[in-house]
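For clarity, chains are labelled A, B and C in written order, and residue numbers in each chain start from 1.
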Amino acid sequence: MFPTPIQKSPRSWQITYQSFLPVALIMWLLPLLAVALFSVKPEGDFSGGNYWSLPSSFGGFENYGRVFFESDMPRYLLNSLLITVPTAIGAVALSCMAGFALGIYKFKLNLWVFFLFVAGNFVPFQILMVPVRDLTLDMGLYNTKTGLVLFHIAFQSGFCTLFMRNFIKGLPFALIEAARVEGIAEWRIFIYIVLPLMKPAIAALSVLIFTFIWNDYFWAIVLTQGVESQPVTAGITSFNAQFRAAYHLMSAGAIVAALPPVAMFFLMQKHFIAGLTLGAVK
Amino acid sequence: MSTASLAKSDYETPNRSWYKRNEISVTPWLFLAPAILFFAAYVIIPIFQSFEISLFAWDGLGAREYIGTENYVELWDDPAFYTSLKNNVIWLILYLLAIPAGLFIALFLNQTVMGIRLYKSLFFFPFVISQVVVGLVFTWFYDPTFGLLNTIIGWVGLGPINVLGDPTYVTYGIIAAGLWPQTAYCMILYLTGLNAVDPEQIEAARLDGAKGWRMLWYVIVPQLKPATFIAFVVTIVGALRSFDLISVMTNGGPFGESRVLSFYMFEVALSEYGFRMGYGAAIAVVLFFIMLFFIAYFLYSMYQDERGR
Amino acid sequence: MRSILKASAMALVTSAALATGAFAADKLSGDMKIFLDTSNPAPRATFEGIIAQFDEMHPDLNIETTIIDRDGYKTQIRNFLTANPPDVATWYAGNRMLPYVKTGLFEDVSDLWQGELAEQLASTKTALTIDGKQWGVPYTYYQWGMYYRKDIFDKLGLSEPKTWDEEKANCQKIIDSGAKCYTIGTKFLWTAAGWFDYLNLRTNGYEFHMALTAGEVSWTDDRVKKTMANWRELIDMGAFIDDHTAYSWQEAIPFLVDGKAAAYLMGNFAVDPIKAAGLTDDQLDFYQFPLITEGIPMAEEAPTDTLHIPSGAQNKEAARAFLQFVATPEVQTSMNASLGQLPVNNQASVNTDDKFVQQGFEMLNGASALAQFFDRDAPAEMAKVGMEGFQEFMVRPDNLDQILQRLEKTRERVYK
């Protein structure tokens, strides 16, 4: 049932298809569209009980304004940023090196080390929760962004190493051999030959990690609390408590919280999808 | 190349350092060291620590008390544990629906018409939204008073259904919310996979009279195997990590009927009513073994792959 | 002298600050972290006001306030007391603070319970005493009871019920009119415990209720079953709104406001959001939970909210000063006027302009005894399993035996 290219099908089907596309899309995004609609409705619409009519007036400016100026939302967003960016840098740096080691060198434990990273990447968070929380406490990093960043770097280096190693495996090995014949030191090979070739992988991975970490909730509630260090995923629950049953504000808050990774995705779409689907094709 | 010549002169010095002599065997370990260090401290060692903690009664504060397998014995007749386990199985099975669903959306969108790229992106982007927001969005979607779902089924004279407040529906309601981003993920995997499907094979099959379901099953799906494998891996992992949605949408309720092991573990170990670290660790160990079964399978497939290279 | 000068320089300072200006003389400095669970608008504003006042009295003190959502706070408190202790934290009196006292996470503040202050706060001293020491300072308490739509009662010709039969007769008429008798949102469980507490207090009395929450009586006892049977009468009538498991207590308010339900068994903190949602004093009124078993004295729920100093606090000196400040009659008067609740300090004055506060004050003064609340009287784990059981009972009353057996099993484990 591999679809016949639409250009080759009858005209009537072409039209049906083209008109069905937007309908399907609206159905697919319906829950989200509802929230978007809520977020621009003025407060009065809700107390009047007309949840689903068109907004009686545009309340978007006021709702989003209150999210930004009357709540801790901006601080949570900033925290998220300060957690996400260092994690992406750290995890990518570690995994470039580890991926290089595992992708280029043949040594006895190579596959074992690699599988260790892969396996670790799949373990349920809960098996790590108690010890990691204790470790963070012992280091005095509980409820700090640093504590969260360190854990994220460590955990993400599993997935990132898998990713980088496979990418480096795909590079032409002849290049490296040629360099070795020239007598170039191994670390120079990494910096001057391999690293430049890894740019697309680095871009893809950074975008992915940004999204994963931005959206993390579990570790945020295990390792942080309070407005000085919590990222927006955890902060939104306190935000909602402040405005409970004020659906226009909660909707606006949810959209603000979701927006940065969505923007990242649309801006960096090519890298994002390349990263996500690496390995989906052989 | 100045770097090259510089390196060459190093190479020619008669008294090569130990490092120089062992460069090829030492370098990989130097490069691996930071990642291994981090990974060991935060992932590998904690797994074993959790095993150890599961043998103790511990409130996370005072002294631990060694109680052997008592935590596991208590699990054995804890009804909440069985509810969680049952829900985990439901999650695992139903979450796999994301794979065929993703495949069909991918097939549907695998056309070249005006604006299709934008459509693909818009179909995909639920995956980018955090599960916390997905949970909120669906909580409102299901709300019995004003939720869109009940508004819509109200038009045909049904409902209202209290999806998240009714123990019979609640787990399915949360899974449906989880399937939304997960299907998008599988879709994008398949879209990429479809790009690489060999058109000549399709044509050949077509000439042989294959079409419809037969074409899909015998020609397309086998070529999508790598995509299917990844979709399977990420879906299983996603199903067993189903914490965020439950925490946001129901907090395990009503009366604990939507718990899964990952949530129950957290509840036991870190909520006001809990801080039973040992008991929580025991639940985590059970969850870990369920996952280990799949991890072993993933690694085995990857190992086969590596040897085939 | 210095403090008075300073105080007069500040425009915002009220008489309360002046009267307590004495504290300002002990120069407090450094940082003070305060964690609050007062996430609803009115309590939030109240605390912010009080803290601002305290801050102005102590210019060298840098106060950092964290407000955590009230239901979230309950799950976080253990976490932050052990991992990241603030200097002052809100919590609740009674058994609810026992685990933190037992594990040494709360600071002994018996030194504050001396002299004048001890007399003024005497009514709650037992609730804050464990092992002969005091572990916190109360800032407010409030009544529970039926908040109802007077206009709907008038329209249907109903009056405030005094007995269980009248309650049920009223309810039947409300149901016949097409509405529900009671709104409730049980998503966070504790609202159902309010019903259990009152039904049990009225069916079996205060002593039995206390013995039950202290783990001295079996949950499968016939007296518990009697309580549940009374509850079941209402459930079988269809007295409660549908789908209550999906709502928080705030989300249950619109049913009352829209007239889809006629009454709400709640604590007095609900008045502010109900009024904010659109009801006026003419529409909303209050009555005491009616008598069920003849001859049983009327005990009431009166949860006391408290402030504590974690033992890991960094600035205990400032924390003590803050607790003392909050306990003074002036601060308790102004705080509770804006909270719409009752001051614990007997020298503080009750806001007589507020009819709900006034009624609550009179009711509690006449009460035979005061209970804290199910999840404050029973230990945390018992409370959790118990409240889940109540919620399940409200949805599936036929499961009663199974539920009570589960509670009994938990009792045997928790209290050992």
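The definition used in the following text is that contacts are C-beta pairs under 8 Å (C-beta built on N, C-alpha and C of every residue); 3 or more make two chains touch, one makes a residue touch a chain.
A quick note: this is a predicted structure, and the numbers were derived from the prediction, not measured.
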item	value
Any chain in contact with subunit A as well as subunit B	C
Pair sharing more residue contacts (C-beta pairs) when B-C is set against A-C	B-C
Euclidean distance of C-alpha centroids - subunit A vs subunit B, Å	14
Separation of mean Cα positions, subunit C and subunit A [Å, integer]	41
Junction residues of subunit B - those touching two or more other chains	60, 270
Touching two or more other chains - residue numbers and ranges from subunit A	133, 237, 240
Residues of subunit C whose C-beta touches two or more other chains	76, 79, 82, 254
For the subunit B and subunit C complex, residues of the former touching the latter	59-62, 79, 142-145, 160, 162, 164-167, 250-251, 253-256, 270-275
Residue ranges of subunit A touching subunit C (in the complex, touch as defined)	47, 49, 133, 137, 142-143, 225-228, 237-238, 240-242, 244-245
Contact set on subunit B toward subunit A in their complex	1, 3-4, 7-8, 10-11, 23-25, 27-32, 34-36, 38-39, 41-47, 49-50, 53, 60, 107-108, 110-114, 119, 121-126, 128-133, 136-138, 140-141, 146, 148, 151, 180, 185, 188-190, 192-197, 202, 211-213, 215-216, 219-220, 226-227, 230, 233, 237, 240-241, 243-244, 247-248, 261-262, 265-266, 269-270, 277, 280-281, 283-285, 287-288, 291, 294-295, 298-299, 302-303, 306
Subunit C residues touching subunit B - in the complex, by the definition given at the top	74-79, 82, 103, 105, 186-189, 242-247, 254, 380-381, 383-384, 388-389, 391-392, 395, 406
Sites on subunit A touched by subunit B in the complex	1-3, 5-7, 17-18, 21, 24-25, 28-32, 34-35, 38, 51-52, 94-95, 97-98, 100-102, 104-105, 107, 110-111, 113, 115-120, 122-135, 150-151, 153-155, 157-158, 161, 182-188, 190, 192, 211, 214-218, 221-222, 233, 236-237, 240, 247, 250-251, 254, 257-258, 261-262, 264-266, 269, 273, 276-277, 279-282
